[in-house]
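Each of the two complexes below includes chain A, the first together with chain B, the second together with chain C.
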Partner chain A sequence: MVATERPGPAVPPAAARHRRAGPPLRTRMVTALLVLATVAAGALVVRLKPDQEHGGRPFLRPGKAGGVVDVDTFQVVVLDAAGGTKLKHPRNGLTLDTTGVWVLVRVRVAATREPVILPYARLRDDRDRTFSATGRVTQPLTDGRAFQPGVWVEGHIVFEVARDAKDLTLLLGEHSGLGPGLLTLAEVPIAASVPQWLGQSTPLDVPDARLAA
Partner chain B sequence: MLCGVASPGAGTADPPPAGRLRLALLNAPARWLVAGIAAVAILVSGAFGGFDKAAPDGPPKFTVGQPYAAGGWTVTVHGVRALDELPPLRHKENSGWRWIVVVATVEVTDAGESTLFHTQALQIHGVKGAPAKYADHVAGAADAAENAAVQPGVPARFGYFWEQRAEAPVPTELQVDIFALTYTFDNASNKGVWLPAKEQPAAVAMVPIDTKPAS
Partner chain C sequence: MNGGWWRRNRWGLLLLVPAVAAALAGPYFRDAHVYLENPTEPHVPVAGAKGGWVTYAGARMRLDAVTEVESPADRSGKPADLGGGRVWQAKVTYETADAGALAGCTVYLEDGGARRFGDRPVELSPVGLPSGGGCDRPRAAGASAPPGEGPYQRDYYFLLPAGATPAAFFVGVPTAYPSYAHLPRP
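What follows is the complex of A and B.
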């Protein structure tokens, strides 16, 4: 009997069966390219997406030395800076040495609306290293002093920085930096030269904070 | 031959190379497939360090007086002393305790930020009557200041003070462990932070204890 005479569904010719075995090569290549493109686009999105650290970075209010920097809840003026390899302890008068350099930044600060304290004080250098206000001496301004609205207080913030630090910038803010909250920080470059201070061996004084005129 | 039925010779033309591979895989015995998967796994493992020499048992040893780089900081253990008193530090009780003091220098090298976690850079073992895991006090060698951060690039020398019960013997030596400062994601602060390792020390050494009185 001949196949075409059989009842029931027609049997497709052999060539048709081959065509149905899979899509053409060009279709497969296009599919593969689309998959690759999707994967590449996903990788790019992941790479460009801000990470948690980036998303939680502080808001910076840049300023210049000598000018008023307004940080919403307080204002600050960076006056000048001094440095040396020895520091006179403000309480007991002992001379404190360091393997780095002592840096004293003189600032004026006033709150704007309500009392604030400013526990976050850092110096940042050209390598993005951050140096916290030293705990080796009592800090006149950043150890819990409350600043009142409209009352300008002048004093020093004492840092101990590396001897190879360059291009120091003061960061000052309300938050301690330990919690998840976002910081708003004053960011003011310090006109200073650490190498010049390496030869300064006269112990530096840390005067008490005082009301500014 | 019947009309419409392909002849065996013309209809079973060689499949393309990819098809041959597929057919070969489908027809291969299961053990071949398992062996092939294992071989691929071994090669992938090798690409990610699987063929590296296995670490020796236990943490490496540090040398007293030599800086040891441990993650984000470098620690130099200078020595260990046993002292009854060392003002201005005070024991938790008026009597019945002595100090076991590890003198070490810590320098923040890679962290790039100040840290107060240097108090967890060291642990000691092998001292009876000294219950604390971390030092009871960590004070600056120059000014006895406590709670002062170590600044990046500014090496700071400290005394790590453990209290030991006075009735317990002073051993001739003890084991000092250095723990690395590691960068990790902290869920509490929701950001990357530098924290000391908690479990595995980066390096250990047996250090003799100097029992000479303080000069």
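What follows is the complex of A and C.
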């Protein structure tokens, strides 16, 4: 057997064994800074981009108590409000207690173009807390009643709010899925005096809704 | 890369702008079309002549009459307090071979200002009106009664504010949206 020399890789010339010189350090640093700046700008855009909740927030149509608030599909007038710590159940007459305060907001409502249902009723306080219309009694206005165009109906919306709530504002609008996304809401401050109502222990009545002349 | 490359590719670069715009906007065209046309809402009227037949949703229909209910009374016989509003009755005749053609229909009475009023609103509950609603053939008494044939008539009741005058009748069936039947008052 004749030993043969294996062919090995060609040996490069000495000069070629050195790595090819890259860009200067300054250029590399500028490139790195540009990459970091791009990432930071992207993060900023993501942070500043409105989220879904913000994009779907309701349009608010502000008004004043006693005046007509036009909300495209309906009109509402907030007449007054009453409050207390006890409520007379409109069906069975039993007295309902609360650890908060009962608030009855008297409103007058009519549709504008076609029948409209207004199940979105909230009271918002000075700390942006919102209180739904209570489910402990049947609501004369917001439990599925269809308001007709030009036919004014007067009645109460019953809320149960915290004792420390201040500066209450009524929000009223149409139903839209699970949340208030892309709703138009009437936004009307009410003349509320929660501290005074805390001392009101006479049970409040919830009159039936009636047609207003 | 030098000025020669930009010159050689200038048209391609210019065309790249609308191409990228089309690629980005294309997927939203369908959504925009659906949003603008909104096939879930009735906004395309199928109208007929006054008192004439209209073919809609696999059925024929005709507004026979719209009359005011004089002196509506509550269940105790006293004049009903309707806040100055007036009660109107509409009679509509339907004809269809398909018993389910008009299932889930919505009806409105329209006034001269194109406002739409719902059938038997809760405000009319104190008034002793006949029950009813819908556009299907009235059920015959007894579960074993055979379905009727030929045209049939349905009655509707509406509360309109003082000064409003009925002008037309609306029939909408969700499966036929965005079309709806628009029946002018005879």
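One rule holds in what follows: the second predicted complex is superposed on the first by the 188 of 213 C-alpha atoms of A that agree within 3 Å, B and C clash if a C-alpha of one lies under 4 Å from a C-alpha of the other, contacts with A are read in each partner's own complex, and residues count from 1 in each chain.
Note that a contact is a pair of C-beta atoms (placed from the backbone, for glycine too) under 8 Å apart; a residue touches a chain by one contact, two chains touch by 3 or more.
Since the structure is predicted, the reported quantities are computational estimates derived from the model, not experimental observations.
**Student:** Classify the contacts of A:Val153 with the two partner chains as first (chain B alone), second (chain C alone), both, or neither.
**Tutor:** A:Val153 sits against chain C, while chain B stays out of touch.
**Student:** Is A:Glu174 touching anything from chain B or chain C once the two structures are fitted on A? First, second, both or neither.
**Tutor:** Neither chain B nor chain C is touched by A:Glu174.
**Student:** What is the contact status of A:Glu187 with respect to chain B (first) and chain C (second): first, second, both, or neither?
**Tutor:** Touch status of A:Glu187: no partner.
**Student:** Which holds for A:Ala212: it touches chain B only (first), chain C only (second), both, or neither?
**Tutor:** It touches chain C, and chain B stays clear.
**Student:** Looking at A:Arg113 after the superposition, I want to know if it touches chain B, chain C, both of them or none. Which is it: first, second, both, neither?
**Tutor:** Only chain C is touched by A:Arg113; chain B is not.
**Student:** Touch check for A:Arg145: first (chain B), second (chain C), both, or neither?
**Tutor:** second
**Student:** Answer with first, second, both or neither: which of chain B and chain C does A:Asp97 touch in the superposed model?
**Tutor:** It touches chain B, and chain C stays clear.
**Student:** Quick check for you: in the superposed arrangement, does A:Val161 touch first (chain B), second (chain C), both or neither?
**Tutor:** A:Val161: touches chain B, not chain C.
**Student:** Looking only at contacts as defined up top, I'd like to know whether chain B or chain C touches more of chain A.
**Tutor:** B
**Student:** With the touch criterion stated at the top, can you tell me which chain A residues are shared between the chain B interface and the chain C interface?
**Tutor:** After superposing on chain A, no chain A residue contacts both chain B and chain C.
**Student:** List the residues on chain A that touch chain C in their complex, please.
**Tutor:** 112-115, 145-146, 148-153, 210-213
**Student:** Along chain A, where are the residues that touch chain B in the complex?
**Tutor:** Where chain A meets chain B, its residues are 2-4, 11, 13-14, 52-53, 56, 89, 94, 96-100, 122, 127-132, 134-136, 159-165, 178-180.
**Student:** Once bound in the complex, which stretches of chain B touch chain A?
**Tutor:** Those residues of chain B that touch chain A are 2-6, 11, 112-114, 140, 142-143, 145, 147-149, 151-156, 185, 188-192.
**Student:** For the complex, which residues does chain C have touching chain A?
**Tutor:** 81-85, 108, 111, 114-118, 121-123, 159-161, 164
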